[in-house]
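The structures considered in this document are given below.
Across the two complexes that follow, chain A remains constant while its partner is chain B and subsequently chain C.
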Partner chain A sequence: MKLFGLFLLAVVSQALVVAAPASTRPHYGGTLRISIREAPASLDPADSDQVGMFASPGLWRLIFDTLVTLDARGQAQPALATSWQADPGNQRWQFMVRHGVAFQDGTALSSDSVAASLRAANPKWKVFAAGDAVVIECDAATSNLPAILTLPRYSIAKRGGGKLAGSGPFAINRWDPGKKLVLTAREDYWGGRAFVDSIEIEMGRSFREQVIALDLGKADIVEVAPEQMRHAVSEGRRVQSSAPAEWMALVFSRDSQSAEEGKLRQALALSIDRTAINDVLLQGGGEPAGTILPNWLTGYAFLFPTTVDLEHARQIRSEAGGGPGWTLVSDPADPLARVIAARIALNARDAGLVLLEPSTLPTSSKVANVGLVRMPLPSLDARVALSELAASLGLPTPKFEGDPAYTLYAAESALLQSQRVIPLVHLRTATALSVNVMGWQEDPDGSWRLPNVWLEMGKP
Partner chain B sequence: MSFRRKLFLVFALTVFLCVGAVAWIVSAMTRRAFERANEDQTAALVTQFRREFDRRGGEVAHRVATIAGSESATRMALAVSRGPADYSVFVNEAKTLADNQQLDFLEFVDNRGTILSSAQWPAKFGYKENSLPLISPNVSSPSQASPNKTAFLRQEEMPDGVAVSLSAMRPVEVGDKPLYVIGGRHLDKDFMRSLELPAGMRAILYPNLAKGFYPELLIAPEKVQQPQQLAPLIVQVQQKGQEATALLHWSDNAVDDESVHAIPLNGQDNQLLGILLVGNTRRPYVELRNRIRSAALLAGSVGIILAILFSGWASSRVTRPVEQLAEAAREVAEGNWNARVPVNSSDELGALAESFNRMTGELLEQRERLVQAERVAAWRELARRLAHELKNPLFPLQLTVENLVRAREQSPEQFDEVFRESSSTLLAEIANLKTIISRFSEFSRMPQPQFQRVQINEVVQKVARLLQAQLQSPEHPPVECRVELAEPLQPIAADPELLHRAFSNLALNAMDAMPHGGTLTLRTRHSAGRVVVEIADTGTGLTAEECERLFTPYYTSKAHGTGLGLAIVQSIISDHGGRITVHSVPGHGTTFMIELPGNMDRLPAAS
Partner chain C sequence: MQHAAYNSRIPYMLAPLSSRSVGSALLALAVLLAVPAPAQNWAGAEEQLAGKIVSSTGPKTMALEVLNRSSLSAATTDDIRRNLLTQLAVLGARFVPPEQAAATVRVSLSEDLQSYLWIAEIHQSSNATSIVMVSLPRSAPLSVEPEAAAMVLRRIPLWSQLERILDVAVIDGNPARMLVLDPNSLTTYRLQDNHWQAEQSLPIAHSRPWPRDLRGRLIRGKDNLFDAYLPGVHCRSSAGTPPPMTCYDSEDPWPIGTDLSSLNASFTSTRNYFSGSLSPGVGKQTTAPAFYSAAAVPRGATISWLLAAVDGRIHFLDGSTDQVLEKPSWGSDIASVRSGCGSGWQVLATAPGDGRSDAVRVFEVAGHEPVAAGAPLDVSGAITALWTESSGTGAVAVARNFETGRYEAFRLILTCGR
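So, the complex of A and B:
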C-alpha cells in the first residue's frame, strides 16, 4: 500500500509539474497555521467527553488513523486495515493489519496494539489479535462495522506511560490543552509525508478572532460561521464551504406524554418558518431541513416538508386544547442560537404555543424542556451518522432491517415520528483560506484533508 | 409667699414667656420659610429633572437622526424602495448601529410597518411593528407619520416581557417608500443611574404595565425599601393622570422623610406608560430645623437661667428695702421705736425709708411728749384725786377741830363730851386717810411678776371657788357663776398670785355690776398661740366713753372705791406682756378679755 501511495504521489506530482505552471507546483515546507473555535482538553480519541478535535473539521486525522476510511461517496476504503471480511451473520469480523506502519514514537503498529486500542474504545466488543489480523466479535450483527470503525473514537492509538501516540501523518510536537497544538509532519508516514512541515493549531478562538487573524496574516485556515459566509465572500475572502453537514434541530428531553402533547409538538413543527431562519438569520448558510440527515447523504430528505403552515398549526393547536408550555434552552455562548431560539418562540406564539426562556419561568412550574441543538454529521455513512446522532441525543437506537436503502428511510422516519426531534436546518461549514494555502480539499461533511495542502511561499 | 418670691416668679415667668414666645415664633417662621424653600427646591429639582429627561430624549433623538442619516440606513432605504426587502442583508444592521450609538432599542421599519431589522429582538424581522400607529400604508408622507420630532415614551415588546423606552423616530426619505428608524434607550436601572441628579435627590421609574401597583416593577438605581409606601401615590396618578406629590415617612425619624413628586409619562397616544417618581430628601431641612429648635431651646434655657438670676437680683434689689422697712415696722410694733431703716437710694424706696425714719422719729417725740403730757396729766390727776381723796377726810377733821375750839370757848362744861366725840371722829378720819395713803402706796409698789409654769384653768378655778363663798351668801343678790374652761390649755409662764389678783378684781367688779343678780361667766380658750381669759357679766353694761376711761387710774363708776382696781389689773396684764380689752353693751353686760402670751422664755433657767 505504501508503495502504491508513493507511486501515485509520483504520478500526480509529475502530472502537476506538467500541467501547472511552476508557481502552483506543490512543494514541501512551511508551517500551516490554523485557528479553530473548539478547545479540546484531551487528544485521546477514546475520551467520550471529547469535542472539537473529533468533530468537524476532523483534525484528529492528522494524528490518528483508523482501520477504515470513507471516501467522498461514503464508501469504506482501506486505511490501517488492508482488507476485512465478516462471518455470516456479520457478528464476527476480521481485519488484516497493514504492515510497515509505525506510531509517532517509532514503535511498529501490530495487531496487538490495534486490538488493545479497539478494546479501549468499545468494551462491549471482544477484540483480539490473530496473527496479522484483528478479530472483532460484536454483541450483535453489525453489517456496517467497517463504516463504524471510521468513527474518531475507533482511531488506533498507543497509550502507555501517560503518553498518547498515533499513527497519523503528523506527530504531536507541543500540546497546551485547550490552547495550542503543534504538529510535525512525519517522514515515515505510511501514506506519504505531508507537504507542510508543521501545523500550528490555535484553539478556543471565536469566529471574529479567527477572521481577524486571517486578515492580519496570522492564520492560514480559519473557520467561518455559516451566517457569516456570505459576508466573508462579499469582503473578498477566500471561502470554501461544504455541503450541508451540520444539523440544527429542536430536541425534546422526553417522549410525548399524551396525544394532546403530540399534537402540540406537531403544531410547533408546522409553525416554524425554516426558510426565514435559514435565509435571514443564517444568511443562506444552510438548507431548511425536514429530516435528520441531509438530502445529499440520503437522497430522500426532500420528501419531508419544511415549509411553514401556520393555519394548520393553529388548527392542530386548537384541537389539542391546553397543554404544557415549554422552555427552550439554547447554547448561551452562541448568540446565533439565541436569536434562532427567539425566532422559533415567535413562530410558536403565532400558532398559539408558548416557548419560554428558562429564566422567566417560576420554579414551581413543571414544563417539558426543549433544546436547540447543533451537531455535525458524525460520518459520511448515513446509517452510522443516524445511529451516532440518535445515541448522542438520547434517542432510541434506529434499527436497520431489510433493504438498506429503505431501512434507512424507515429508521429515520421512525425517529421523526417519535416527535422527539424537530429538524430545522442543515448548515454548511465554511472555511476561509489565506492566499498561500494551496491544494485545499475537504470531504462533503466538511472534514479537512490537510496532508495534501501546501503553502505557496512569497504571496502576500 | 414672700414678696421677693412673688417678684422673682413674676420676673422669671415674664422672661420665660417672652423667650418661649420668641423661640416659638422664630421656629414657626423658620419652619414656614424652610417649607417654602423646600417646596421651591423640590420644584426646581423636578424642573431640573425634566430638563435632564428631555435632554436624554434629545440625545436619543439625535442618535436616531444620526442613524437615519447614516450610509447603512440609506442603503437599506434604497433597497426597500426598489422592491421587496431581503431581510437577510439587513437583519444584523440594527444591532450593529444600536451598539455604535449606544441605543438599547433600534428598529428599521418599512412603509408597511414591517420590521426589517431589530436590535432588541433580532428574530422579529418580517413581523409588523404595531406599537406605532402612525406608521401605516395610508400615511403618504413621512412627516405626517412622525409629526413629533421629540422623543417619546414607548412600550417595547421584548422576548422576556415588556419594557418602557425613551424613543425617537426618524424617516429615511430615499425613494418612494420611506424607511423608518425607531430607536431608544431602555428606561432601566442603568438609565436611571445615568441621570445626573443633585445630592439628596433620587428618581424611580414605575412602568405602568398593568392596573394597580406591583412593587417588583419599580426601577431604581438602588433597591427601594418599603415599596408599598409608594402605592397610594402611584395609584392616584394612574387614576387621575396628573402629577401628584406626597410626603412619605420612611421611618419614625423625621430625618428620613422624603417629598416624592410623581410625574405621569405618556406615550404618543397619551396612554400612561410610566410614572416617574422624583424623591427629594427632607433630611437637610429637618436637620436644620432641629438645629434651630435646639438653638432656640438653648437660648431659651440660657434666657431662663439669666431670668432667674436677674429676677433674683432685681427682686432682692427691690424687696430688700421693703423688707428692711417691714422689719423696722415690726420692731416699732413690738415697742422698739428707735428702729431705723437705712436709706440706700434716692428713689421712691429711699424716700419711703426716709419717711419711715421721719415718722418713727416724730412718733418717738410725740410719744415722749405724750408720755410727758400723760405723766403731767397723771400727776395732775393724781394730785386732783389725791386732793379729792384727802379733802374728804380733811373737812371733817377741820370741822371737828373747829367744834373743839368752839366747845372750849363757848361751852367748857360740854368740852369733855365734845372732846370725846371729836376724838373718835378725828381718829376715824385719820384711819381713812391712812387707808387712802396705803392704797396709793400699794399701787406705787406693784411687785414685778415672778414667772413660773402656770395652768390658767387652775387659777380661774381658784377664783371661782373664792367667789362661791360670796355668791352663796343670802345677803348677796342671786348671781350664777359659770366656769367654761378649754381643755387642754397649754401652760404659760406667769405669776399665779398676780393673775389671781387680777381675775379676782375683775370678777368682783362684775359681781358689783349685777346688783339685782345675773350670770357671771369665767371662760378660758386659746387663740393663735395665746391664752384668752374672758370674764363676763350680765349687768348694766358700760357706755363707750366709760370703756375708754376704764383703765385710767382713779376712774371709777362706783359710788365708793379708789378707782385703782382696773389700773392694777392692767398693770399686771401689761407686766405679763398681755393685753386686756373690754366689750360692753349698755343694759346687757360687759366682757373683759385678757390675752396672755406663752412667755416660756421668761421662765427661770432651772425651770
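So, the complex of A and C:
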C-alpha cells in the first residue's frame, strides 16, 4: 500500500509539474481531440445497448442535459430543472423547467418536450406537463428520484424524423457511428458557451493506438489502461486517475441451486488472491474489493474481507463435497479480463475447485456459467449506483428501508449474501492529457467535465 | 406538495465586524480571522453511537478499539475516542481487557463522499458480529493565514457563499453597506450589531446566456450608489434606501481604473476578456491586444498601464508604445493598489497555472520591469476575480475553495512591513 501511495503521489506530482500554463483565466477557441476505446453505434442515451459504452467517460453530457445533475460529492443540483418538490409519500414529483433553453436544432425546450422525453425513457412513469412544470408520478415511493434523473437514459432529447437533438453544450456536427464524432460548441448554451470551439472524438481505438496518437500530437485526451497507468507516469506522461470506481467481479448466471453449491461459491470467493491480482496483474491500478460499491462512496466497504484464505476455502470445499465446477466466461476482446480469469482459475484449482474456460468444456456438460464482468460506476449517488448495478446483473432490486445510516449497508449486504456475485477489484480509470489541455475536471468516478476544458494554444 | 428538495442558497458570513467604521471593522475581521472556526460538534454522534452499541450489547463489560479510516486528525480521533468511552460509561458499560470482556467493540471512523460514517463492529461470544453505524455531515476545513513578509499583503475576509461571487464592494456610510454581485443578483447587506444583515437581493435581468467563466464588476457611482457591469449588461442603482436597481442590455465599456486613474475598456460580451478597445485611451493609445485585466502604474502626472493579455503575455502601455514584457510569469488577473509604500502604487498579480491553489504576489514596477516586493500570499483555491477598488487603496479578490466548493471574497491591502 505504501508503494502504491508513492505511486499516486507521483501521478499527482506529474500532473502538477506539467499543468503550469502561462495563464490562469481560460482561453476560448481551438479543437479538442479525444481518442476512446469504445465504439458506440448510437448516440441515443435511451438506447439500452449503448448506455454502458457511451456513458463511461461522461461524453453524453456534451450533447445532452438532464433535469438534475450530481456534483462531485454526489449531491443533486439543478440543471434543466431549476427546482423540484415531492408530494408526501415521494411518489409524485414536480420539476420546474428552466426558461431560455433550446435544443441544438433551435427548438425551445418546454415542459411538453421534457415530458415526452421522460415518457419514452420510462414507460412505467406517468409523466405530463403542467404549465412550466413537469410532473412525474412513479409506480412506487421514490425518495431519490432527483438522483435517478441524473442517469444518462433520462437525458432530455428531442427525437423525430430519424434525428436526435439534445440541449447540451455541444451540437452534433458529424457522426460516423462507431468511428468518429465531431461536435461544435453552442453559442446559445444556457450554461455558458464551452471554451473550446469543437471536439473531435475518434472511437474504437485500442489503448496502444491512443497513446501513439497522444505522442504524435494527434490527440489531446486519451484513455490509459489501469494496468498501464504506472508505466505511463514513468514515461513522463501527464496522467490523471480517478478513485477506484470501475467494478470487476465474478457474476453467476443463476442463483445457487443448493446449500452445497452455496458453500462452493463461498470457497471460490475465499480462494481468490485479489491482492496479487491488483498488485501484479493490474500494477496497482485498483483496489481489492469485497463489495459492489467502493469504500470512498459508502464508507463501509472495509467491513467486507478481501484477503485470500486458501485453507478455509479447502475446508469448505471438502465439507460441500465435489461439485460440477463452473465455466468461466470473460470478454475475449479484453486481454486484461482474460489474464485475470486465468489467474482466478489457478486460484480456484489450488482450493480444489474447477473453473473451466468455455473452450475446454465438454459439449454434453451442464454446468453453471460464471462471467467475469467489468462495470463502470453508474452514479455518484450510492443508492442509485447499487440499484443500477443490481438491475444490470439481474439481481434483486435493493430495498432501502429503516435507519438511513444503515440502510445502504443492509441493502448491499443482502445482495452479497445472495452469492450471485463475487467482487474482485475496483479499478481506477486513467486519462493522459497533452500539455496544452487546461482546466481539466474529472468526477471521482472518472467522468470527464469537458465544457470547462480549454486549450492553452487556443486563440480567441 | 410539502418536501422542498432543493434549497436556495443560504449566505454564510465568515466573521462579524466590530466597529462602525468600515476600515476598523475590516481590521477587526482580520484579527478575528486568526481565531479558528468552531470545531465540528461530535457530541450528538458520540452519544448516538454509544446508545446503539449499548442497545446491542447491554450494559456489559467491553473492550473498545477506535480506528481512524477517515481524514480526521489523530487528535480529533483521540477526542472522539475519549468522549465515546465517557458516553458508554454513562450508559453502564465497563471497560476491561479484551480477554475479560463480554463484548469487544471496534469502532471505525470512516467517511463517504458527503458524510462521516462511524461504524461499530460488535463481537459477543455466542453471537455473530453485529454492525451499528451513525452518519454525520462533514463541515468545512479551517483556513490558515500566511506569515508576514517585508511588504505585507494582507487578506481580509469579506464574504463566502456557494454561488459564484463576481465582485464585492464595501461602501462607507452610516450604516456601512456591502454589495455582493453574483450571476443572478446583487445583494446588499447592512452592518447592524456587528453583523452583515441581508437587506435586499436585486435580480439581474439578462436576455442572453452568460458566458462560461462569467465576470462582473461593481463600481461606486459618482451620482448614484453603484453601477454593476456584466457581459452585455449594465445595472445602475437609483436613489432610495435600500437603493433600487435597473438592468439593461448594454455594450458600454467597463471602467477598469480608479477614481485617480480613469480608463474604460470594452468587454466582449460572449467571452471572458476585454476586446482591447480603450476610452479615452492611454495617451494616444486607444487600442490594445485583447486582455483579461489591467493595472494602472501612475508615475507623476502620467499613468501607464499593464495589461494581462489573452496571448498570455504582459503588455506595457506608456501612452505611445506597446511593449511586451518578457520577464513576469503572471496569471491572467492583475490589479494595482495605492499603498503609500515604495513607489506609492504596486501591482498585484495572480500566479500562473490552473491548479488547485493560487497565490497573489506584490510587484513594484521600476521602469518597465516588475520586481517582486514581498512573499506571495497563498490562496487555497483558484482566484476567479481580482479588481482594484474604486478608491485604489485595496483590491477585491474572489477565490473558489476547492475543498469546500465555496467562493470566498476578500479584500487585499498592502502595509509597509513591520
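Points worth noting:
Throughout what follows, the second predicted complex is superposed on the first by the 428 of 460 C-alpha atoms of A that agree within 3 Å, B and C clash if a C-alpha of one lies under 4 Å from a C-alpha of the other, contacts with A are read in each partner's own complex, and residues count from 1 in each chain.
Here is the rule we use: a contact is a pair of C-beta atoms (placed from the backbone, for glycine too) under 8 Å apart; a residue touches a chain by one contact, two chains touch by 3 or more.
Computed from a prediction, not measured in an experiment: that's the story for all the values here.
Overlaying the two complexes via chain A leaves chain B and chain C side by side, clear of any clash. In the superposed model, A:191 lies in contact with chain C only, and not with chain B. Once chain A of one complex is fitted onto chain A of the other, the partner contacts of A:280 are limited to chain B, with no touch recorded for chain C. Of the two partner chains, neither chain B nor chain C is touched by A:173. Of the two partner chains placed by the overlay, neither chain B nor chain C lies in contact with A:31.
Looking at the shared chain after the overlay, A:303 reaches chain C, while chain B stays out of its contact range. Of the two partner chains placed by superposition, only chain B is touched by A:346; chain C is not. Once the two structures are superposed, chain B and chain C can be ranked by residues of chain A touched, with C on top.
By the touch criterion defined above, A:91 reaches neither chain B nor chain C. Superposing the two structures on chain A brings chain B to within 27 Å of chain C, judged by their nearest Cα atoms. Comparing the two interfaces of chain A, the one with chain B and the one with chain C have no residue in common. Chain A makes touch with chain B in their complex at residues 230, 276, 279-281, 283-284, 339-340, 342-346, 357, 359-360.
Partner chain A is touched in their complex by these residues of chain C: 1-6, 69-70, 108, 110-117, 119, 121, 131-135, 208-214, 268, 270-273, 290, 292, 308, 310-313, 329, 331-333, 350-355, 358, 382-383, 405. Looking at the complex, you find that chain A touches chain C at residues 16, 19-28, 71, 73-78, 83-88, 90, 94, 100, 146, 187-195, 295-300, 302-303, 380, 382, 404-406, 409, 438-439, 444, 451-452, 456, 459-460. By the touch rule above, chain B contacts chain A in their complex via residues 87-88, 91, 121-127, 159-161.
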